[in-house]
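Residue numbering begins at 1 within each chain, and the chains themselves are lettered A, B, C and D in the order written.
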Amino acid sequence: MGGLKTEEFIVNMGPQHPSTHGVCRLMLTMDGEIVKKIEPVIGYLHRALEKICENRTYAQCIPISDRFEYVTAMSCNQVFSMAAERLAGIEIPERAEYIRVIMLELNRIASHLIFYGVTAMDIGALTPFLYGLREREAIIDLFEMTCGQRLTYNYIRPGGVSKDLPKEFVPQCRSTIAMIKEKLNDYEGLLNENPIWLARTKGVGYLDPKLAIAYGVSGPVLRASGVDYDIRRDDPYSIYDRFDWKVCTRPNGDTYDRYLIRLDEIKQSIKIIEQALDGLPEGNIKAKVSPNFKPPAGENYARVENSRGELGTYMQSTGEKKPLRVKMRGGSFCQLQALPHFGTECFIADLVAIFASLDIILPEVDR
Amino acid sequence: MGIYKDIKNLILGMRITGKHLGRHAITIQYPEEKWTMPERSRGVVVLLSDKETGDLNCTGCLLCMKACPSAAIRIDAPRDPETKKRTLLSFSVDNTHCCFCGLCEEACNFCAIKMAGNYEMSVEDKDTLVWDMNKLQEMGRDVPYVDTRKKKVPKPKPTAESKTPAEPKPSAEPEQKIQPKSENKNDNENKDTKDEE
Amino acid sequence: MTKEQLQTAITEKLGDKMTLLDTGRHDLMYEVKRENLLEVCKTLKDDESLAFDYYLNSHGVDTKEKFEVVYNLASIIHKTRIDFKVILPYDSAEIESVQTIWPGANWFEREMWELYGINVLNHDNLTRFLLADDWDKGFPMRKDWDAPGFIRMPEL
Amino acid sequence: MNGIIAFGELHGVFAWLYDLLASTGLSQPWLDVVRYTVLGAMMFVVLALIALFLVWWERKIAGHIQQRFGPMRNGWHGWYQTIADAVKLLQKEDILVDARDKMVFFWAPVLCFVVAFLAYIAIPFGEGLIVADLNIGILYIIAITTFTSISLLMAGWGSNNKYALLGGMRSAAQAVSYEVPLVASILVIILFVGSLSMVDIVNAQSGFMYNWFIFRVPFGPIAFVTYIIAATAEANRTPFDIPEAEQELVAGYNVEYSGMKFAMFFLAEFVNGFTVSAIAVTLFLGGWHGPLDGSFLPSWVWFFLKTFAVVFLLMMFRWTYPRLRVDQLMEFAWKFLVPVTFANLILGAIIKYAGWYW
């Protein structure tokens, strides 16, 4: 049998493919079912957001930042506003800080719910996707009640937040959080100990911590490889140091741990939101900042921990009302760059599972 | 032994999906049942008109045009030199450009523009999405809004166009209202004096 | 490890090569000459007291009269953060690749080359990956870039 | 059933029809030709309707499992949604890839469609309701149902598409490795019936419910469970639907098919699901026998009730479990199912020899 001539063939996974989240093409060199080499081809979703931002005032940059990473648009607003506030030296009122933390953590839960549904669907279980989206709808209704939009919120502004919480927000938020905490048992029962799920995800796509750090991988993917690094605690921003919550890490860095860590993070976010809701102070919600304010010359790289890792914005201003340079750094960009180095020598079914577990979305990669 | 744990978990999975089989479905049948949008939901941009006189609140101050990040609003409101008043000729919103961010609503001091909750805008021909003043006014006819303009005591003879909405010397600006410091020097339109300052 | 300790550690290890700028808000912003870039990066990464092993981001900036290449780094062990920039004149806009020190820099430098035209020396895969394959209208992120059909935001 | 027409039994009706036909005076061979063409056409219409119903039923169950309604638009709760889909697929353009292997590409759906219906010749729907009571019934059915994997391989190769090729290869590997446990779990039953004919198998389970082979502890339940697992693999249903794994291989073997050809594959898949459940009911759940001796419902109603129960079980699998990987699937078959079924066979033989069965 040794003399059988076999040759590798190239398969295009994408750009129109059911399991690439957004438009991304992976050129796979395959030997039968085994993936030998991956070469990501990106740029299908490049909208030159950074060039657009250079032509807008700081307040007008916020709707652009929503489109940078639309699954967790709140964290994009937050990172843009933080960069602008640091440039202009604006202090945010107490109540705005609390509202921001509540909104950011709600958005993280909503993003992890999408992750849960999409990863399960990519590995074949079609029902968890609908359960995940059902809970997410409850959170999206909270967002729509406060800022009016369901996906691109344009809610967190340099200087605070744009509108105050409506009266019925806090009770509805508490009931939503309680409902999600109770629904998590359904999620875990459905998949966590399922032998087929374990067979498909345990030990698949091992990401070595050193490789992760070398390629700038961040967020839950990094923590699932055992590296205890979370920007909310290590490069503190906003008022996360007032709440007691734990940075959860998982030791062995395979797809199963990347899945479990996101369920842990949902629980931690629920804890943060409950404490933030209890401590919500009164007061105004926005520092007095005119829409086209002019920050003094300077530059700054603001970082936020969102559900896909570190979301960074470098902003340089020269005293005019439009930023000179805005650079957006998303977590998925580095994870997609690291994928060819740890996603090979596996079946195509495993590659789909690894790609889903990295929770890569393409607007963040192509900007 | 492993096999019992596996079978137990497989049955647990079936129990969870079976449990949902009995529950009532939570989706609504769209065209028949419609979702009631919350009060603040940012749907389509409309122009509001005064409750009594019925004509537009808009005074043509161009603040919303400046605030719009995607240049969706086009206003033609020339200022006739002697009365220093702007008369609004045309106001059009290009819904293909509008990104529904709500910045125009926040920039307006005269409750003239609002994002109503209506989201059904599907059309066959893209050009019909560029709405002119009448369409915007008619869309905004029944949109409820809180009139926060400071009513000027109507002068004995009401001037031809709508009442001058704000006194020359506005009292202390409320906290939320954003100070329209629009000293944009490179205003290539005709010299825009500091209106309402 | 507080900012001051970091600052003293840097001046002690790389005093002459890294000059502190005052434009950095909230983090330390240094300036590095182009010729000793690789040496600075190596010491930043390998020195235990600095240990900047976590490469966050690098990108180009076009300030209308010169290019700047800004690097943002972080240290996982000491939980510190630092930025530094390299000034490049318009005519000779090229810089060595730091990809051998931090493998994560590969795509960032590739993007900088594609959008700014800053040539990156001995980079292993300097090809186009964000813009269209047949893109021939120059480097879009430059301030002086213009192309037919590029509609600017109307100046109001 | 000596000729008295019990309430609702249909075999009397067929006997009367045959006498009517015989009275027309045709010679015997012509009589058989007409008889079997009419029976074949009737069988095809009944099964096509069942398949259409199954498609609709699966979409409704999937909907309600996922807390949504499923098809609601066409007719009350969307009852003619599948018919609308069939008509849509009928008039859809049939896109043919130029680089295809013409003969193989054309005949693959035809083979898959025809084979799916051929298995029903030997399946008894009720008392006397069987097209041809072959004395090698179950052997014929097993032989015929393996043809579907050949047609998937042909589809995979014929459409000259890398994804389809992968799908085809997977279906071949899966069919081969799940045929062995399927047959081994059936052999245990044949051991106790002594004849391959399906009617004899059902008659061996007559009487009260505990006579059904599923309740013949210890070999019955084991055989039933292994049969159901191997059958879901044969019918290409989750968690073994790797030949047509949407998330990995876009659409597996039927990636290049559109219009009526795709409808054939789609319908054949559901008919296979029904075949597999029908065999499970005939072998393990007492065919057309009701739970009590001489029950009140007509026999074919019992058969359909039980078969739809097994189909419901297969559907619950599909909407609960993720999908296995190719090598795990093979490993599970060879390292777990085959030893278990062979051990079960030996256990059955010992019980038969020692006579501890009822």
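By our rule, a residue touches a chain if its C-beta (ideal position, glycine included) is under 8 Å from a C-beta of that chain, and two chains touch if they have at least 3 such contacts.
It should be emphasised that the depicted structure is a prediction, and the values quoted were computed from it without experimental measurement.
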item: Chain hops separating chain D from chain C, counting only touching neighbours; value: 2
item: Higher-contact pair (C-beta pairs counted), A-D versus A-C; value: A-C
item: Chain located farthest away, centre of chain A as origin (C-alpha); value: D
item: Gap in Å, rounded to a whole number, between the CA centres of chain C and chain B; value: 41
item: For chain A paired with chain D, centre-to-centre distance based on mean C-alpha positions, whole Å; value: 45
item: Separation of mean Cα positions, chain C and chain A [Å, integer]; value: 24
item: Computed distance of Cα centres, chain D from chain B, in Å; value: 59
item: Multi-chain contact sites of chain B, meaning residues that touch two or more partners; value: 10, 13, 16-17, 20, 26, 66, 184
item: Residues of chain D touching at least two other chains; value: 65-68, 319-321
item: Interface hub residues of chain C, defined as touching at least two other chains; value: 153
item: In the complex with chain B, residue positions of chain D that touch it; value: 61, 63-69, 72, 316, 319-321
item: Residues of chain B touching chain D in the complex; value: 10, 13-14, 16-18, 20-21, 23-27, 29
item: Residue ranges of chain A touching chain C (in the complex, touch as defined); value: 41-43, 46, 48, 50-51, 55-56, 86-87, 89, 213-216, 227, 229, 234-235, 297-303, 310, 312, 314, 316, 318, 324-325, 327, 329, 333-334, 337-338, 366
item: Of chain A, residues touching chain B in the complex; value: 56, 59-64, 66, 127, 131, 134, 141, 144-149, 152, 154, 162-163, 166, 186, 189-191, 193-195, 284, 286, 288, 290-292
item: List of chain B residues in touch with chain A within their complex; value: 5-6, 9-10, 12-13, 16-17, 20, 26, 37-42, 66-70, 99-103, 106-107, 115, 175-176, 178-179, 181-182, 184
